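Below are two complexes that have subunit A in common, paired first with subunit B and then with subunit C.
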Partner chain A sequence: MLPSSNLILQSVLDGVFLGFLYSLMALGLSLVFGVMGIINFAHGDFIMLGSYLVWILANSLRSDPSLMSVITVPLFFTIGAAIYVAIIRPVLGKEPLIQIAVTVGVGYVLQNLALMMFRAEPRAVQISYLNFYVNLGLVSVHTAKLTSALLSLFIVLGVHYLLTKTWVGLAIRATAYDKEIASLMGINVGKIFLLVFGLGISLTGLAASLWMTFGQADPYIGSSFGLLTWVIIALGGLGGVSGLLASSIIVGVIQSLTMTLVSPSVSLAIPYIVFIIVLWFRPQGLFGKG
Partner chain B sequence: MRARISSFVLPALIVVVAGATVPFLVGFNQYYVLLALQSVIIASIALAWNIIGGYAGQLDLASFAYVGLGGILATTLMTEYNITPWVGMFLGAGVSATLAFFIGYPLFRFGVKGVWYALSTAALVVILHEVSIMVLGSFDYYIPFVEGWYYLRFRTWENLYYFSLIILAFVISLNLYISRSKVGYYLKAIREDEVAAEAVGIDIRKYKLLALMTYASILGFIGYIYIVSQRTFSYKTFDSSLSVYIAIIGIVGGLGSVSGTFTAALILKVVEEYLRGYLGGVLPGLHLLLFGVLLITVGILRPEGLSTLTDALVKKVKARIWGGAP
Partner chain C sequence: MSDAVLLEVVNLSKRFGGITALNNVSMRITKGEILGIIGPNGAGKTTLVNCVTGIYKPDGGKVLFLGEDITGRQPHFIALKGIARTWQKIRPFYNMTVIEAVTAGALLRTKDVLKAREEAAEILEFVGIPRSKFEVLGKNIALIEHKLVDLARAIATKPKLLFLDEVVAGLRPHEVDVIADVVKKVNREMGITLGVIEHVMRFVMNISDRIVVLHEGRLLTQGKPAEVARDPLVVEAYLGTKPV
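Let's look at the complex of A and B:
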């Protein structure tokens, strides 16, 4: 039996919403990789850590998960800055394999910390102000998903604005372009790196708050988000907000359609197969410039 | 030539002879023999990883894709068609090497390296994990109890342990052989600087693929032993976390160091077992958390890993044996 066209339409719409949230998740990773050249394998695990934190906060404060971003964003900026100083700065300029290894270690610590503290069962926040559907005839819209998609888009565009239209953004882009010349021009590269890494991690705190308005936390979502966000960067190429958004939405829609048409159990396999094949033929990404 | 052969066979023989005494030392206590078996399996996998990760410098995170594929194939052939694992293990090695070829050929052909190579291999484990949920279903398969050398399954663990020691000896010799051969120098040149290696005329694609397929075939071969030692297999055999764990052993041991990797594998396995035995019920995952911390520490403070310590020890032992300065 073929699924109805309504079901497919619904699935595409959910995929698009999910895609916008993915773009927010990938934004921090893209910044850290693009500006600092740091390969952060623990990015997804910060989203996982944030999700648990939001779960605890929202349940104990009896409030909506998205409001918890007021706490998670500054907290994660601090955590990010601390991790940068303690772990990332010492391996700057070392061979990529060592950098990857160190961040794999961070991810491994976070994942097993979560396993130790919360066990493997998935946790969801029960209280949500936006946990209802609006029926639009052909499709119904889950308000929490819609809100998280819109907020994600807003933040992605905001960060894009910050990078392209402000002095700090100019300094960040100059550092990304050539950190030696940037430092000769009087830019404090160390501070920019601290800022970018802190910002990258604080964005995971924000993404986690939005994720928890409809999603669940378990110790392994970090691995999936980590790989998925890397897939998005591989497809999108670096440097463009349009590439990031387009590839996020492609990944979101592929994943959502796979869940509807094939099976939820292979919802990651299909995007990863696409990823590997794209790597073969377009190492610069689908939307990256040659 | 004799000295050359002994230089890579002798260390393996020493490990086998020393390892063979373990069951006697522990009084054939099955818990300890099984632990020794699992340590030898992990050490063999980590040393196979050393070929692609240590010598060729490619951060491969897919070890349990190959272990799982080869192992599940050999186990299924045995349980469904009564084909002996003596054949099945070689078929498993062949299938894993074939998978490695189809993954590695395009990756290396199109110049995928560094982080993208690591991600592709991490994705491979997840792909196999999810596909196998569809193929095998989401439950555990227990191997029906059959006994004897035909099935490589026994009432007690000693025989399988001795058999795994032979595999370990083979992997150690192969590592030492590679490290002293032309291929080994090519691989290390690729690890240090791919562009320079290519510029001096090394066919980097060919040698990376060779390293990957060698690694994968060893893993595919060991797969059956791994599954028998676990007593069960399922989609969970394609384990991302364990695949990362193997890379951690390789890095903590020191890239390209046989003695370092071997030592790291044994130490981490014993620490893991100790922590799991004493705190596993209270704090699951504590050992993995500590290994993560260890990996960060090694990465920041001692990128050469345990190798400097163990290499010095090996030199001392060599000097003892040969009776002169090494």
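Let's look at the complex of A and C:
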């Protein structure tokens, strides 16, 4: 039986909303890689850790998960800064293999920690102020998904503004292009790295809060978010915000359609297959410049 | 020209493994002058500048800037103190516009982006980049423009001392003259002291008040351009010993 066009439309819409949240998830990873050249394999696991934290906080404070970002964002900034100082800074300028081993290690520590504390059961927050549907005739809009999409877009554009219009942003971009020249222009590259890594991790705290308004926490979402965000960045071609948003939405829609039309069990596989096919034709990513 | 010492380098040494790139070099740069730093390839000119600007930590000796010991300090600290440089190889911020790159330099002295941008615009016009080029990306401009933008980016940090590392390398003769005029203007009108590392003799002899010659990591000689050019030691360093 063919699925109805309404179902497909609904699925695309949900995919677009999910895509916006993915862009927020990928933003921190993209910043850290773009500025510091560090591939943070633990990125997804920070989203996982954040999701559990939000689950605990929202349930014990009996409040909406999205409001927990007031706690997760500053807390994760601090955690990110501490991890930068203790773990990332010592391996800066070392071989990529060492850097990979270090961040993969952080990811596994977080994952095992979650398995130990919460076991492998998925957890969701029961309380949400936004857990209802608005019927628009052809499709219905889940308010939590809509809100998380809008907030994600707002933050992504906000970070874009920060990078292009403020002195910190110019310093960050100058550091990304040539850290030696940046330092000779009086930019404290060490401070910029601390700031960028802290910001990158704090954005996972925010993304986790938004994810938990409709999603679930389990110890393995870190791996799937980690790889999904990498696919998004590679598709986007590490360019600007427009590439990031577009590739996030593409991945979100593909994933959503796969869940609706094929099976939820392959919703991670299909985006990768599409990704690999894209790379055959455009190795620089969809929006990267050759 | 006053005779106040701006930069003093005392017995500076830098080794890379078994190679001694700088061997007990002592020299001074006086406030207001244009000092030419010449020498054959491998003489240690760039190493000297890298040690002064904090890119390398010297193995021995001292760097004094306005009397303050800045030996081995971080590059951003030294930039804040007032030493800037350009690079032999152009190093543009490829995906930043011309004006953004220079604005980033100006942000060292102000955190007001609009003010920094105005300053950047003035400096770009000062070195001869027309406003029509301001919004062009770093990767899309010509070599001479790159040299001028790199120069503007360094000037924007408001240095007291600016090192130019082979700024005319790869340029055509008439472009060399353009740079020579700009460099003299930077020195006279902006009052920035210059250390000019150079291989193009016509350029460096023309603009410098004084020349130091490095050879195999040591200070060979120093003096007025005309004196240095006649110095038999310098001729020998460049051309080898006269055949009998």
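Keep this in mind: the second predicted complex is superposed on the first by the 288 of 290 C-alpha atoms of A that agree within 3 Å, B and C clash if a C-alpha of one lies under 4 Å from a C-alpha of the other, contacts with A are read in each partner's own complex, and residues count from 1 in each chain.
In the analysis below, contacts are C-beta pairs under 8 Å (C-beta built on N, C-alpha and C of every residue); 3 or more make two chains touch, one makes a residue touch a chain.
For clarity, every value in this text was computed on a predicted model and none was experimentally measured.
Novice: Does the subunit A-based superposition show subunit B and subunit C clashing or fitting?
Specialist: Here the two partners, once superposed via subunit A, fit next to each other without clashing.
Novice: Classify the contacts of A:Leu97 with the two partner chains as first (subunit B alone), second (subunit C alone), both, or neither.
Specialist: In the superposed model, A:Leu97 contacts subunit B only, not subunit C.
Novice: Quick check for you: in the superposed arrangement, does A:Val70 touch first (subunit B), second (subunit C), both or neither?
Specialist: neither
Novice: Looking at the overlay, what does A:Tyr108 touch: subunit B (first), subunit C (second), both, or neither?
Specialist: The answer is first: A:Tyr108 touches subunit B but not subunit C.
Novice: Considering only touches as defined above, state whether A:Leu261 meets subunit B (first), subunit C (second), both or neither.
Specialist: neither
Novice: Mind telling me which of the two, subunit B or subunit C, contacts the most residues of subunit A?
Specialist: Subunit A has more residues touched by B than by the other partner.
Novice: Between subunit B (first) and subunit C (second), which does A:Val134 come into contact with in this model arrangement: first, second, both, or neither?
Specialist: Neither partner.
Novice: Using the superposed model, measure off the angle between the directions from the CA centre of subunit A to subunit B and to subunit C, in steps of 10°.
Specialist: In the superposed model, the angle at subunit A is 90 degrees.
Novice: State whether A:Trp167 touches subunit B only (first), subunit C only (second), both chains, or neither.
Specialist: Only subunit C is touched by A:Trp167; subunit B is not.
Novice: For A:Leu7, using the defined touch cut-off, is the partner it touches subunit B, subunit C, both, or neither? Pick first, second, both or neither.
Specialist: After superposing on A, A:Leu7 lies clear of both subunit B and subunit C.
Novice: Can you report the least C-alpha distance between subunit B and subunit C in the superposed arrangement, rounded to whole Å?
Specialist: 21
Novice: Across the two complexes, find the residues of subunit A that touch subunit B and also touch subunit C.
Specialist: Overlap of subunit B and subunit C footprints on subunit A: empty.
Novice: Please name which positions on subunit A make contact with subunit B in the complex.
Specialist: So the residues of subunit A in touch with subunit B come to 39, 41, 87, 90-91, 94-102, 104-109, 111-113, 115-116, 119, 219, 223-224, 227, 230-231, 234, 263, 265-269, 272-273, 275-276, 279-281, 283.
Novice: Which residues, counting only subunit C, touch subunit A once they are in their complex?
Specialist: 53-55, 74-76, 78-80, 84-85, 87, 91, 93-96, 100-101, 103-105, 107-108, 111-113, 116, 153-154, 156-157
Novice: What residues on subunit A touch subunit C, complex-wise?
Specialist: Residues of subunit A touching subunit C: 165-167, 170-171, 173-174, 177-178, 180-189.
Novice: In their complex, what parts of subunit B are in touch with subunit A?
Specialist: Of all residues in subunit B, those touching subunit A are 57, 59, 103, 106-107, 109-112, 114-116, 118-120, 122-124, 126-127, 130-131, 133-134, 138, 240-241, 244, 247-248, 251, 255, 283-286, 288-289, 291-296, 298-300, 303.
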